[in-house]
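You will see two complexes here that share chain A, one where it goes with chain B and one where it goes with chain C.
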Partner chain A sequence: MAKYVLARVSFFGMVILGATFVVFLVLHGLADPARIALPIGSTDEEVDTFRDEMGLNDPFLVQYLRFIANALQGDFNNSLWLGGSNIDIVLDRIPVTLVLALVAIGIAGLVGVFLGMLAALRAGTWVDDVISGIGYALTSISDVWLSLVLILVFAVNLHWFATSGFGLDPRLVVLPVLALALRPVGQVTQVTRAAMLGVSKQEYAILARAKGMPRLRVAFVHLLKNAAPPILTFLVYEMGRLFAGTAVVVESIFAWPGVGSLAVGALERGDIFLIQTLVVVVAVIVATLNLFADVLHMILDRRIVRQG
Partner chain B sequence: MRTRTILTVLTSLSIAVAGCSSVGSGANTGPSTDKLIVALGAEAPALDPHIIDAAPLRQILNDNVFEGLVKWSTGEDPELIPALATEWTQTTPTTWTFTLEEGVEFQNGEPFDAEAAAYSLNRVRDPANNSQLATYLGTVTNVTADGEYDLVIETDGPDPILPRRLTWIMMVPPELTKTGSEALAENPAGTGPYQVSKQDSVGVELSTWPDYRGDVPADAIENIQFITREDDAARTALLRANEAHLVFNLPLEADDSVSEVTTIPGLEVSALRLNTLGKLTQDIRVREAIAKAINVADLREGLLGEFGRGTNGQIMVEGVDGFNPDLEDYEFDPEGARDLIEQAGASGKTIKLIGVAGRYVKGKEAAEAVAGALEEVGFTVDLDVVDFQTWIDIVLNPSPDSPEIVYAGPGSDAYLDGSQCFDVFVAKEGSASLFPGAEFPDAQAKLTAAAKETDPATRTQYLEDISEQVHESYAMVPLFSFDLLWGTNGVTFEPRRDNTIPMLTVRFKNG
Partner chain C sequence: MNTAPSSASATRAFLRDLRSRKVALVSFTVLLILVAASIAVIPLADLTAKQDIGMRLQPPAWLPGDGTTWLGTDQLGRDLGLRLMAGIRTSLTVGVLAVVLGFVLGTAAGVCAGFYRGWPDRILGVTADVQLSFPSLLVAMLLVRVLGGGVTTLVLIFGFTSWMLYMRMARSLTLTICQASYMDAARAIGAGGVRQVFSHVLPNILPSMVGIGLLEIARLVLAESSMSFLGLGLSPPAVSLGIVLADGRGYLEGAWWISTFAGAVLLLLVLSVTLSGRWLQERSDPLGR
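Here is the complex of A and B:
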């Protein structure tokens, strides 16, 4: 396993380089960031001076290599949109997205596993139908629509929660977490149900039931334990997806100052330096999570294989 | 499986019904009057007023925390009034002298004097600082202190509107600022009536500065919190849920759902820039046909309702120097348009129309409506609604190969002067200009003359003449302008046409 982990870590660096190169290429093919940053009435001379100061007039490869060299020293330039150091801006935002994603994944894990188990244990009955129907519905819902409906119903009409805003007050946390967690709840329900049904057909499960073991004990001791690897690895992968994508919508609508809303703002304003910084940081995070998921899966599988 | 399908549909429908319901509200206590909550439509950058040119930064800082030498008054007919300068004169054709208010201090104790003012302006001008506001001082060649309270600004030619260019340039404390932009941003110390009491990921909080030199009315609001809600629906929801008192950039669609709306005529015109140098539109008959094909009154009414305003066929609005009161919108004459198209041999020919999403109010919808109107009179329209970055690339690289029609939004918010949009869309070297200067040499000559003309009445006449020539050229087809909207919840205030509010004018209605 050590060799596997080592190989994956070395692959890490290639992933980061590859992602940054592609994004760098694409961004520099887009419109001139100087033109976007400066007022429309700026003269060509003013724009050129600005580009010179920012190093944007240098050849593409020179700019890319300078970016890599500076990045290795922790220098990611300043934001054209927000001012200030890009790496500081991004690192400031990570905890916000982390809190949102962790809580959402936690809820998705607890609720989704519970519902999935229930559906599997009652497979073929109306309980299974209801739960599976809810699961399908939740995976089909649009994040934007769900967020706005939650705001309209629970904040504007019922005044139970705040419409938006960041903080650890439950009034501020519940709606964005729900908006982010409900779709993974549906997905985890389906994954758990499928995994549980899969392992329930294994010989050890049949034997346990034949021995008269209580049904719930069979479910937790044998079925869930053996169904855990795909569920856990799905949760970790989903965490990466939330970080790199799904959180964008929820953060934007609920005004949570995380990496997602930052990425939207940077893209809208053509802040290439900030976008490049975001790509590096998010790529590191997602690659780390994926690596963790792979290792976790290996560990869980090995244990189960040894005990089996 | 059938059961699951039914359940899926039922679940979705029930959520939809809940979303559309107008259940009676729960506890509705209204926003507290302990603190004014103001929602902005975009995130504010670091609180250094010199580096980033951004509306949210102006909305928080300008004339609240920091002050400039001069400022615009509030209301529909703004005038340039003293701020930190008590008077100013053009002492020579290329020199302006500003007399500064005496005995003023910054909030960190540094004195405000001519040296501090010179430092502030030179900081913006210094290319090493990468200031996005440097263009507003583009005509300035030298800034020096002449004595303790006289500031001398030299320009590279006569600049009769230099004072207007200074309204967005704030004065900063030199010693603090010299330690770095971050130092200033973390401890913004201006001369204004408010100081920054807190800034974090939630927003920026201001409180009245007890040592402010001016009058602070007894009923002025002491504590203000600026928060950001970029999503239009989320920002509107703040008002409906009593979570904010004042919301900037209220979307037009929200008007019916919000009980209090304050408006002021904006300074931006939505218009079509036609390619006069190449392609089909280099023929003035085609351009005139495009102008006559569009019913701008109906377009304005349909898209903007009561918040739309006419343009009198010009790319600037009433109240801006250069607005010609004798001009009117182009006549809506589809039959005349068809005749002109026939004469020009353009019937059935394809013209490209570039629209832009998310940049101008109702921009996408207006572009689509224009495309429809042009097809009615016989054009084939290739409509392409692009993102802002692509649009910038197209509009700021004008050439005979440019698309026939590009949606644009000439604005006059920086100087309230026609030169702001003429310099861009009409001048020979204008960054977005495709004006047929060769056919209208007088326009370019008058633009050059207006830039140097120190007599206000003569200058105004030059600008109005240019408006007339732009109108006659059909180089730009103005569609509409619109009001700025603020949603309010229990407050009154005095807005400015550049979409800022001096916070000392805000009052709680029941305060």
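Here is the complex of A and C:
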């Protein structure tokens, strides 16, 4: 047990170090970071001055180790674009993305599990075909297009919601959450259906049916309990993927001040220090979620094995 | 499954399976049509890019209004239909080339890991797992920002960030194959490592991995369009479905057809690739994984 924890924690560390090293390598090794950070028309003098001031003339490893040392003390330098401490800027934005991702995963979990179970219980019938078809269609939709179409239909034409903007009232929240949640709904449906079908072939399920237990009761009491681990762990992994992926697009289109839109802004403006900070923070969050998913899987699996 | 089936009976089996799965048939057909259309417009490159301000923002001919083109025109008067078909070509090119690159890298790594085990297996495994935990969209966008966009850059970026999936699959398939008796037989008659791999391992694992390749093409086509939409992927004068989506974003209230049709075509493309890939995957893996 202790060995496992040690292995996971060191893996966590490797992921963070690996991600930051790659970003550092890209920013400082593949290009001139000063040129990226400064506006296009800057003179060579301005670029050199900038390099001196920011310590960009030091050897690569020195810069990297300095970055790590500072990071461990919570110092991530200041933003060239927004001014102010990078870590504060990023941390300020996390709650927005977190709320978005949590609600989206919640919806995806509820709707997806329901649809997946329905498809599994009615496997082979038209209900299954329709639901599976919807599942495939949802996972094949572009997040960009989904967001734009939602805006077009529900905001521009029906005027039910605002076209963009952040706030906690329904007019501003519903569309972004839907845009983020619909693809995961498709994926959760597929995962649930597969998991349910998988466990329904197990001996305890067949035995329960043979004893005369009604199908629905079998489904909820036995199947769902045992199908839950892969579904739950998938939900947690997916939340990490949403955070670092889809949220970027949705936040940009709906103008939500979260981590995703911050990343796009920082990249556009070449704010190298903010970019470095963002990668560290996002990597930590995603790695933590993955770690949580792994531990969850371990705990749930043990309980299932013990109960038999 | 000790020897690969002869190609004639394999083709016959393939066609029989195909006929009996209507959905797969439809999706393969749609995919072929889209690919054919995207190739057919290659000689029309001038017409595709032709701007005509007098014709800008015209609705499709079949909608009320004074439109004359099949799907309407965009903000510079270009024919939307032609642009979308060219866009399919670009998006698919990026997807296919990136998958080929990732496939080659990943399969090589996976076969190495599965065949030789020991240190190569552990190092490759940890590297793959660590890289799988990276926020890949952010890293990809960063690379585009630093190296500049363009088809080549995107293919390289996607290829080097997607090899892990193929590595895992190739590794697990190789491990299974290596336990088969014909591998012992090959070794017994003196086949060296390289011969074992190329004559026995690869021919048996490759068919199972084609389905995954198609699914990855679908994923990368979507990734490219998101990145290009955000301005961190391909950019004009290139044409991709993501670029057209971006073109139409400012005209949702007026010329809604630009983004709507771009995304619809994208959906059609991705869905047909996904369903085809899923069918191939199910067919090649007896456990339906």
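Definition applied: the second predicted complex is superposed on the first by the 292 of 308 C-alpha atoms of A that agree within 3 Å, B and C clash if a C-alpha of one lies under 4 Å from a C-alpha of the other, contacts with A are read in each partner's own complex, and residues count from 1 in each chain.
As a working rule, a residue touches a chain if its C-beta (ideal position, glycine included) is under 8 Å from a C-beta of that chain, and two chains touch if they have at least 3 such contacts.
Values in this document were obtained by computation on a predicted structure and should not be read as measured data.
Q: Touch test for A:Asp143: chain B only (first), chain C only (second), both, or neither?
A: second
Q: Specify the partner with more touching residues on chain A, choosing between chain B and chain C.
A: B
Q: If we overlay the two complexes on their shared chain A, which of chain B and chain C does A:Gly265 touch? Say first, second, both or neither.
A: It touches chain B, and chain C stays clear.
Q: Check whether A:Val96 is in contact with chain B, with chain C, with both or with neither, and answer first, second, both or neither.
A: After superposing on A, A:Val96 lies in contact with chain B but is clear of chain C.
Q: Touching A:Asp169 in the superposition: chain B (first), chain C (second), both, neither?
A: In the superposition, A:Asp169 touches no partner, neither chain B nor chain C.
Q: Who does A:Val286 touch here: chain B (first), chain C (second), both, or neither?
A: second
Q: Per the contact definition in the header, classify A:Val15: touching chain B only (first), chain C only (second), both, or neither.
A: second
Q: Chain A residues touched by both chain B and chain C?
A: In the superposed arrangement, which is not itself an observed complex, chain A uses residues 30-31, 36, 136-137, 140-141, 146, 148-149, 151-152, 156, 163, 252-253, 264, 268, 270 for both chain B and chain C.
Q: What residues on chain C touch chain A, complex-wise?
A: By the definition above, chain C touches chain A via 126, 129-131, 133-139, 141-143, 145-147, 218, 222, 225-226, 229-232, 242, 245, 248-249, 252-253, 256, 259-260, 262-264, 266-267, 270-271, 274-275, 278.
Q: Note which residues of chain A are touching chain C in the complex, please.
A: 11, 14-15, 18-19, 22-23, 26-27, 30-31, 36, 136-137, 139-146, 148-149, 151-152, 156, 163, 244-245, 248-249, 252-253, 263-264, 267-268, 270, 275, 278-279, 282-283, 286-287, 290
Q: Considering only the defined contacts, which chain A positions touch chain B in the complex?
A: 30-32, 35-44, 46, 49-50, 52-54, 79-84, 92-93, 96, 126, 129-130, 132-134, 136-137, 140-141, 146, 148-149, 151-153, 155-160, 162-167, 252-255, 257, 261, 264-265, 268, 270
Q: Hey, which residues of chain B end up touching chain A in the complex?
A: Residues 3-8, 10-12, 15-16, 18-19, 21-28, 42-43, 45-46, 48, 51-54, 127-128, 130, 132, 134-136, 138, 181-182, 185, 201-202, 227-231, 233-234, 237-238, 240-241, 243, 358, 388-390, 392-393, 396, 411, 414, 420, 423-424, 429, 431-432 of chain B touch chain A in their complex.
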